[in-house]
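Structures are listed in the sections that come next.
After this come two complexes, each holding chain A, first together with chain B and then together with chain C.
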Partner chain A sequence: MRRAVALVVVFLAMRASADAQIVPCSAVGDQGSKILLDDIVTSATAQNLLQSLTSRLDANLTQIQTELGVDLKILPCANRRPTGPSDFTRSLVQELNVRGVLMEVWGATTEVKDSLGRPLNEASIGYVLIPIRLDELQSQNAPGAFIIPHRAQPSSIVDDLLRLVDQAGRLGAYAALTVGSKSLKSSRWGEARKQLCAAEQQFTKLKSPTAADTSLGQYAKKLAADAVTGARADKTYTGFLAQEGVALSCS
Partner chain B sequence: MNDDSLSDPAPQPYRLDATVELKQPADTDKGIDWPAWIQAFSPILLAAVGLYFTDTVRTGFERQQLQLANASGMQGLLVQLLSADVNQANARAAAGTLASFGPPAVAPLVTALSDADDIRTPAIEGALRAIGLNNPDAVCVPLMSILERQSGRYSWLMHRSAIRVLGDVRCPNARTLLQAYAKAITDRTLKTFDPATEEWAPLSPEIAELLKADVNRALAEK
Partner chain C sequence: MLLTRSLVALALVVLPARALAIEIAVPCETPSVFSAAAVNVVVLPYSLPSTFTGPSTNAGEQIAGLVQLETVLAIAKFGSIGVTQLVGDTRRGCTPDIVLDKLLGRQGGAREPMRLGSGLILIWGRIFQSGSDLFLQSFIRFLRAGIDESVDIAVRDRSLKGLLSTQAFACAPRKIAIKDIDEAQRQFRSARLLYSKPDASSPSVKIPDGAGPLAYWVTDLRGEWVQLEPMDRGSNRKFERGWLQVRATDAQWSLRRQMPELYFVEGAAGYLMARVRSDRSTIVEPSLQGADSAIARYTDAWGSGAVLGSDAAAGGTPLAVAVPRQLRGVIALLRGGGSDAALTEARAQFERAASLVPHSTNARNLVTIMRVAQAYRQPSADQPLKRFVDEARGLLGADPDNVAILMNLDTIYDLVLAPNPAAPASWSLSASEREQLMKQRESMRPLLKRPAA
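Now for the complex of A and B:
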């Protein structure tokens, strides 16, 4: 009897939370560093734009890969719909981190009207930068998971969304920061320094940085300095960072 | 008076008054009268033997019923835990309810761990920890065998989960095993099963670092 009641409770819990949640994604098990692109759905057209957006982003990320010099995959995760940053708990982020996930992007758009009755696309794009989120949960550093809201004219939904996800190099800055942070934790000082300095530079170039971007730019700067400090303390390291003349700051 | 009767009297019967006492020897056989005892106790013996066999059969039957009930009860929860659309809350709820079955749930949970992902792994580890708090042996034996048998088809992620749970559960010989495991990582002799290639491969430096950090954490908790 008690087990039957327990089953009913579990079933009800499933029903209540089935709409928007993080569900398993087989791509998480793929080897190598990766960026997960969750469902980005629009209620206006009831159209799932995941595949078209993924292919566009994939091409976009090829450029970032070339710039970063890192083998990075972008993998779609159908039906995976985080409700917000709070979904990314410590246990989940740890599991994503050990499986090589660097970043996860998700979003939702709705069609609204402004005060003059003109149609607008209101979109919220969520980002979680896994190594940064892990640091955030441990020591309250820069935000590792956040949502960037945006309003745009509904010319082409896919184009708008692509612009939202990769606003003026934002995605490149995030990717460089996560790769650099991960390299730093693996004591690959030279690689870490290169990526973190690139991230800092890209954050300063953002045309309309959010508060999170500003904070992340400063965090990239701090980590870049940590790479030099770590390299100097590491007796097995013989690269250029161990030389006396290398400054802590990137510029 | 008749003379004949006086000279030839008729013979008189002799009469002897005596008492015959039959005495048994004092040291006769004092052994147990088994037939009598068996006769006396046979109903009780029969009842006891009958009760024993009845109880044994009933216990066996009840155990089978319990196992069947456990399997039936766990099946639904396992289906939920392994379903493609399970989310964090549901995975935790299903694994937590599975943990309430106690030691019988360990085998399916460890099996589920073999291909668990970012959603299911924390839930399964939590359930194994919960069982291990009350029944350490039920959890320690299978998890320690994962780390002991490097020829087993266990991925490094499964090794990681085993290390993390062993760190939290009081397993008698875990410390020695974890120290040997840490040495194997340092010596770079450790190999784990790679499901992608179906081969046993040495750990990459990054994975070795991750596992070593988990082993050190587990040893610190011991």
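Now for the complex of A and C:
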């Protein structure tokens, strides 16, 4: 609920250049693994879409926290409004990674025009998957920071808008991927393998995967295999992954 | 209906007096349960967005209050029940994680924490707004303190273990009309009147708002009415005894229709009661029967009003259907004593659950152990047991720290390697197969003593 407070919803005519600054988030200092939820901003014409987006993101993150089976906090970052993936530089991402941030999510709604000049409402959801972004900045792997746009007719009913912006399945896959990737970097091979195999499976079940999702699904598969090879090479690991005949693939 | 009546009668006749208790308006900072009860249900306030412009800013607490009373009516039949309504600000620490930690004694602050092995169902949720529409989403956690819910299937002289995918999940978000909130408020106000008799025309007094926690024994149930007798819990806050009408008998509006997940809460309470009181045969079977019936109603009705659609997988809350199905499978096994019919019924539920959450190794493990048990009991040429070695190894490869799957794999090795005179020829192992399987089993044995971290 704390984060719901931070979802400051009306920033009419406040999208000046100052808003483009990504401000520090005090919640980063909290102990333990966490997902950060930034402000969600809007233009005056997309209020319905804004409310749908705000409420679904909030509920979707609570769902992740409830179901993932990992001790995880969802923390609001008031007044933090990334403008895009480029805000997440190596130094910032490294800092977030050290502080236990798994993912950061932000959103914006605005009015756009289609190719015929007709108005559409657009909800853009920004994601940065911290450990994946770290890999991306080091070796151009799968995308770790990106924005997914969702477009709707201004006349769309609320139920359709909620379905449009609901991110439950996608966020579940992202959360499993980031937890697995983080575990992999910490040589916790069993936990890494579990989460990465689950992530790979969840990516295949997304109802409308984006190109980034497809790429991330393949990356989850690669990292899941890396967990096996890492476990085998680790002389201190004595678990099942070190057994002869364990397949690299999850299925 | 007959079942419900007989269960209520059973609860009131067989169980000792003062088996049911409720407490209202307990501050969230000092949550409590009735530690002597076998199963407790704790309802947190439903959170509202700060921008909420609905009919009442108290709607979250009022919904929670009605959930509490509906739950009392639904689960009183199981006996030894405590139902508590918490009040507080969800933005200031009234969260399920903190409440659970306190109730389990992981952190201080609980006025009366749980006893080890007793059952708990935690319900919380949120109301959100989009335009003029309101939506409601509930979250449920169920558990026995210190115990992971599992089921054991006997095969020969060994057993195979299955775990649920999760014991906490988000229910489908549901659309509710403003008039539903109005109706909930009306019923809430009505349910805060204590009557001298179970008759709405009898004299009544209002339970005061903000009077602090008030605890009661539930001493009688008549239709939609419950008789409350004040309980002394060490404070001076006591109120009068009387009858409370949980819902109007002529009400067209039903909270359960708006929130089918309340059927799941009823089922989970029955299931937990059967597990907690597993040594009392007079309690176990009626509780499991009631649990199965309630969960079946939930799985039939869960899609009602679900704003994201009635396809659980596509709608983003597959666990809200998969876990109840798993629970029904477990209940079938408990009731059937591991009979062939129970295995068939359980397997069907487990398979449907696994199709919804294929990423859950526990969901797939439940299917595997059913198939192993059935294959062993009714050997057929096209179902050689050795194929399940690879299946279980695949599961463990995807979830290497899962101790239940590890133990199951060891059991499967033993079953495959032991002679089975009833098995068809296709089950026999070549010398090299036997050698390989024995080698694999021996290399795994150290893991059973010291599962990998």
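Here are some notes:
Definition applied: the second predicted complex is superposed on the first by the 187 of 251 C-alpha atoms of A that agree within 3 Å, B and C clash if a C-alpha of one lies under 4 Å from a C-alpha of the other, contacts with A are read in each partner's own complex, and residues count from 1 in each chain.
Note that contacts are C-beta pairs under 8 Å (C-beta built on N, C-alpha and C of every residue); 3 or more make two chains touch, one makes a residue touch a chain.
Please read all numbers here as calculations on a predicted model, not as lab measurements.
Comparing chain C and chain B on the residues of chain A they touch gives the larger count to C.
Using the contact criterion defined above for the overlaid structures, shared-chain residue A:Ser186 touches chain B, although it does not reach chain C. When the two complexes are overlaid on their common chain A, residue A:Val246 makes contact with chain C while staying clear of chain B.
Contacts of A:Gln63 after superposition: chain C is touched, whereas chain B is not reached. In the superposed pair of complexes, A:Gln138 makes contact with neither chain B nor chain C. Once the two complexes are laid over each other on the shared chain, residue contacts for A:Thr236 go to neither chain B nor chain C.
After overlaying the two complexes on the shared chain, residue contacts for A:Asn79 are found with chain B alone; chain C is out of touch. Chain A residues 7, 9 lie at the interface with chain B in one structure and with chain C in the other. Residues 3, 6-7, 9-10, 13-14, 17-18, 21-26, 28-29, 31, 79, 87, 89, 91-92, 95-96, 98-99, 101, 186 of chain A are the ones touching chain B in the complex.
Chain B contributes residues 69, 73, 76-77, 80, 84-90, 93-94, 97, 100, 117-122, 157, 160, 196, 205-206, 209-210 to its touches with chain A in the complex. Taken in their complex, chain C has these residues touching chain A: 47, 49-51, 89-91, 94-96, 126, 128-131, 133, 135, 137, 139, 141, 166, 168-170, 173, 175, 307-309, 313-314, 316-317, 319, 358-361, 393-394, 396-402, 406, 440, 443-444, 446-447, 450-453.
The residues of chain A lying in touch with chain C in their complex are 1-2, 4-5, 7, 9, 47-48, 51-52, 54-55, 58-60, 62-63, 66-67, 69, 158-159, 161-163, 166-169, 176, 188-191, 193-194, 197-199, 201-202, 205, 207, 228, 231, 237-241, 243-247, 250-251.
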